[in-house]
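In structure tokens below, several structures.
After this come two complexes, each holding subunit A, first together with subunit B and then together with subunit C.
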Partner chain A sequence: MIGHYSLDLSSVWRYRELLVSGLLVSGWVGALALGLGLLGGLVVGLGRLSRRRALAWPAGFLIEVFRGTPPLVQLFWFYYCLPLLFDVRLSALTTAVLSLGLFSSAYVGEIVRGGIQSVHKGQVQAARALGLSQLQALREIVLPQAVRRMWPPLMSQAVDVLKATALASSITVPELMYQTYNATSQTFRFVEFYTVSALIYLAICLPLVWRLRRLEWRSGV
Partner chain B sequence: MGEPMVVVEGLQKAYGPTPVLRGIDLRVAAHEVLVIVGPSGSGKSTLLRCINFLEDYDAGRVLVGGKLVGKRQVDGRLVRDTEGNINRMRAEIGMVFQGFYLFPHRTVLQNVVLAPMRVRGLSRAEAEAGAEALLRRIGLLDKAGAYPEQLSGGQQQRVAIVRALAMKPSVMLFDEVTSALDPRLVGEVLDLMRELAHEGRTMIVVTHEMGFAREVADRVAFMEHGVVVEEGPPGQLLGDPGDRRTRAFLGQTE
Partner chain C sequence: MEFRPSVLWEYRVFLLQGMANTALLALTAQALALTLAVPTAVARLRGGAVTRRVAGAYVEFVRGTPALIQLFWIFYCIPIFTGLDWSPLWGAIVALGMNVGAYDAEAFRAGIQSVHFGQVQAARALGLSAWSTFWAIILPQATRSVLPALLNNFIGLLLYTSIASTIGVHELTYAGGKLNTATFQSVVIFTGVAALYLVLSVAASAGVRRLERVQARRD
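Coming up: the complex of A and B.
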């Protein structure tokens, strides 16, 4: 009993398979979106730093658009507008991965840019003076140093993306939030299901947050 | 003077409206040590950075070992060379910076072997053998596995010198390499440079260390406001300069 409410956790147990299947879908969407975000972010971040406008401007545009609009709006736009405008038909799951992946690319792009810009210019000059090409200097000297500084913000971005997967429920992706909602509409056990669902998200994100804190402590951020 | 190793002709460079180099002509023979002195802002560092084409310039040309650096001739005009050629020429020109710029994520040994492996294509074993011989020579072989931050400034700068030497460059450029050092660490770096000079290496040294210039230089050039005001043997230029501006500069420093 909490106040006038009597908890009935057995209802959650009865729907455990539904919740687990939702959790698996959440994991997939999160992992794929994050993978896309890391790859896309590297491209976008390097593009933004390029001296060529044909690369820098599109990268800048993508970053501003995806950071300046709510991810829920982005998700709906991809789900409803892509088929109408370009006759592209993607499953809800693919749409969620693509949309969240691009959302994450924008943030990762800024993290990549910041990391690279934090490496002293003299490092590149020393590498170039030794005869290394621009690409070799980037790969051997700049990126390894930049990546170390990028770890804490990247972990934080991973947590953000994992939490943002819950938005995919709104376009019928059968992930954890969607299945939780389904269960409550059959049982009306809102307190039990939303609390358990929150605890599951917490259980996934907290270890990442803790690890992040250790990284920040170590790198003296 | 024998066959010149480095030739700089009519070099001009401006940052926007501000001229930094206003027609520099210099020749450095093989095995010669040229020391360049002058007040800060006189264009000494920019000159060095044009010699290995870390910076482009507006007019003039630079040759090292008889080959153009950074440019090639097309229809009688000089145009920017291909990146591949620029990289190949840079590999022949060693440069040491005021700020050391060792790579902090790599050990001392990894700093030294990087370019010989990636640029010269040496095997790891060959590159490490060469690097170890160089580190032994400067007494830092026991630091081969250490990271730069674990070394003193003087040790870091000596590793930076050895990192450049590992490429077997035909000329070495030194850009105020002792200016960022604690005074008690300057000596060990100058000692190493003195040894290299006695070995007969071709060196262009920008420095404020007048004692080093007097003792080690074959020739000293005085630069001010983007021009070489005068050059000559160290005894003459530092002891009895012909130009009023050189006298004024030396009067301030000593």
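Coming up: the complex of A and C.
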């Protein structure tokens, strides 16, 4: 009993399979979007730094647009507009992965750019003087140093993407939030289901948040 | 499929109403966030064992769960416990305010810690009470150093007000969804809505950069 309300957790137990299936979909969407975000972010970040305008401007545009609009509107845009514009039929899940992946690319792109810019120019000059090509200098000298500095913000980005997967419920992706909403509309057990699902998200995200804090503390950022 | 950009102009009042509510929601939630953030930061730094834990749990809970589930929890569950009958707008203000409040509290915590301890000693030596030392010496200096972080959090909030559409708050995203079902001009409407958000956030970040420049000149 909390006040006049009596908790009935048995309803949550009855719907356990639904919640677990939702959690698995959340995990898939999160992992795929993050993978896409890391790959896309590397391309976008390097593109943004390029001296060629044909690369730098589209990358800058992508970063501004995806960081300057709500991820929820991005999901709607991909869900409703992609089929109309390009005559493609994508499942809600694929749409969510694509949309959240690009959203995350924009943030990862900025992290990559910041990481690379934090490496002193003299490092590249020294590498070039020693006979390394531009690409070798980037791969052997700049990126390893940049990546070490990029770790904490990348972890934080991973947590953000995991949390953003909940938005995919609004385009009918059957992930945890969607299934929770489904269960409450059948049982009207709002308190039980939303609390349990929040705790599930917490159990996944908090260890990452804590690890992140240790990482920040160690690297003195 | 025929694109009719004119629908944006036909429904301009509807869209602008949504945009105004987005701004109203963001500003009200920000006010709540600041009122929560300072006491939470102080509780985490100087509180007793219990207040410290409560404030810490609040921050961790917010940082570890999606804003969407926080919104649903607050909007649907608070009325069940309290019998309170509230509108979606109020539910969204409380949920978003509590969300950003936790992030702002983390910023304030770092800001307060960055104020040199000598400042406190000097203030106390000059006879200021602990309370006035905090209000007159620590907080103004801390606020200056956390202002960029607070403003970035505000831009995030401005964009995240869009989730209030899921509980039926008539803000910009909700207006876009309604127009979409009324006109089927999905491409025009969602591109238009995204552009309006972009205008809001670009204006806000231009403000942030300006403020950073002014602050840098003053230092």
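Here is the rule we go by: the second predicted complex is superposed on the first by the 221 of 221 C-alpha atoms of A that agree within 3 Å, B and C clash if a C-alpha of one lies under 4 Å from a C-alpha of the other, contacts with A are read in each partner's own complex, and residues count from 1 in each chain.
Methods note: a contact is a pair of C-beta atoms (placed from the backbone, for glycine too) under 8 Å apart; a residue touches a chain by one contact, two chains touch by 3 or more.
Since the model is a prediction, treat every value here as computed from it, not as a measurement.
Trainee: Using the superposition on chain A described above, determine whether A:85 touches subunit B (first), subunit C (second), both, or neither.
Mentor: After superposition on chain A, A:85 lies in contact with subunit C alone.
Trainee: Which of the two partners, first being subunit B and second being subunit C, lies in contact with A:148: first, second, both, or neither?
Mentor: Only subunit B; A:148 stays clear of subunit C.
Trainee: When the two structures are overlaid on chain A, which partner does A:35 contact: first (subunit B), second (subunit C), both, or neither?
Mentor: Neither partner.
Trainee: In the superposed model, which partner reaches more residues of subunit A, subunit B or subunit C?
Mentor: C
Trainee: May I ask you to decide whether A:58 touches subunit B, subunit C, both, or neither, giving the answer as first, second, both or neither?
Mentor: Neither partner.
Trainee: For A:133, using the defined touch cut-off, is the partner it touches subunit B, subunit C, both, or neither? Pick first, second, both or neither.
Mentor: First partner only.
Trainee: Let me test your reading of the model: by the given contact rule, A:163 touches which partner, first (subunit B), second (subunit C), both or neither?
Mentor: The second partner, subunit C, only.
Trainee: Just checking: does A:5 make contact with subunit B only, subunit C only, both, or neither of them? Give me first, second, both or neither.
Mentor: It touches subunit C, and subunit B stays clear.
Trainee: Following superposition on chain A, which residues of subunit A contact subunit B and also contact subunit C?
Mentor: The overlap between the subunit B and subunit C interfaces on subunit A is empty, containing no residue.
Trainee: Can you check the complex and tell me which residues of subunit A touch subunit B?
Mentor: Checking each residue of subunit A against subunit B gives 120, 122-123, 125-134, 136, 140-141, 144-145, 148.
Trainee: Taking the complex as given, what residues does subunit A use to touch subunit C?
Mentor: It comes out as residues 2-3, 5, 64-65, 67-74, 76-77, 80-81, 84-85, 159, 163-167, 169-170, 177, 180-181, 184, 190-191, 194-195, 197-198, 201-202, 205-206, 209.
Trainee: For subunit C, which residues are in contact with subunit A within the complex?
Mentor: Contact set of subunit C toward subunit A: 1, 60-61, 63-70, 72-73, 76-77, 80-82, 159-163, 165-166, 173, 176-177, 180, 186-187, 190-191, 193-194, 197-198, 201-202, 205.
Trainee: Please give the residue numbers of subunit B that touch subunit A in the complex, ascending.
Mentor: 52, 54, 83-84, 87-88, 90-95, 97, 99, 101-105, 114-115, 118-119, 160, 163-164, 167
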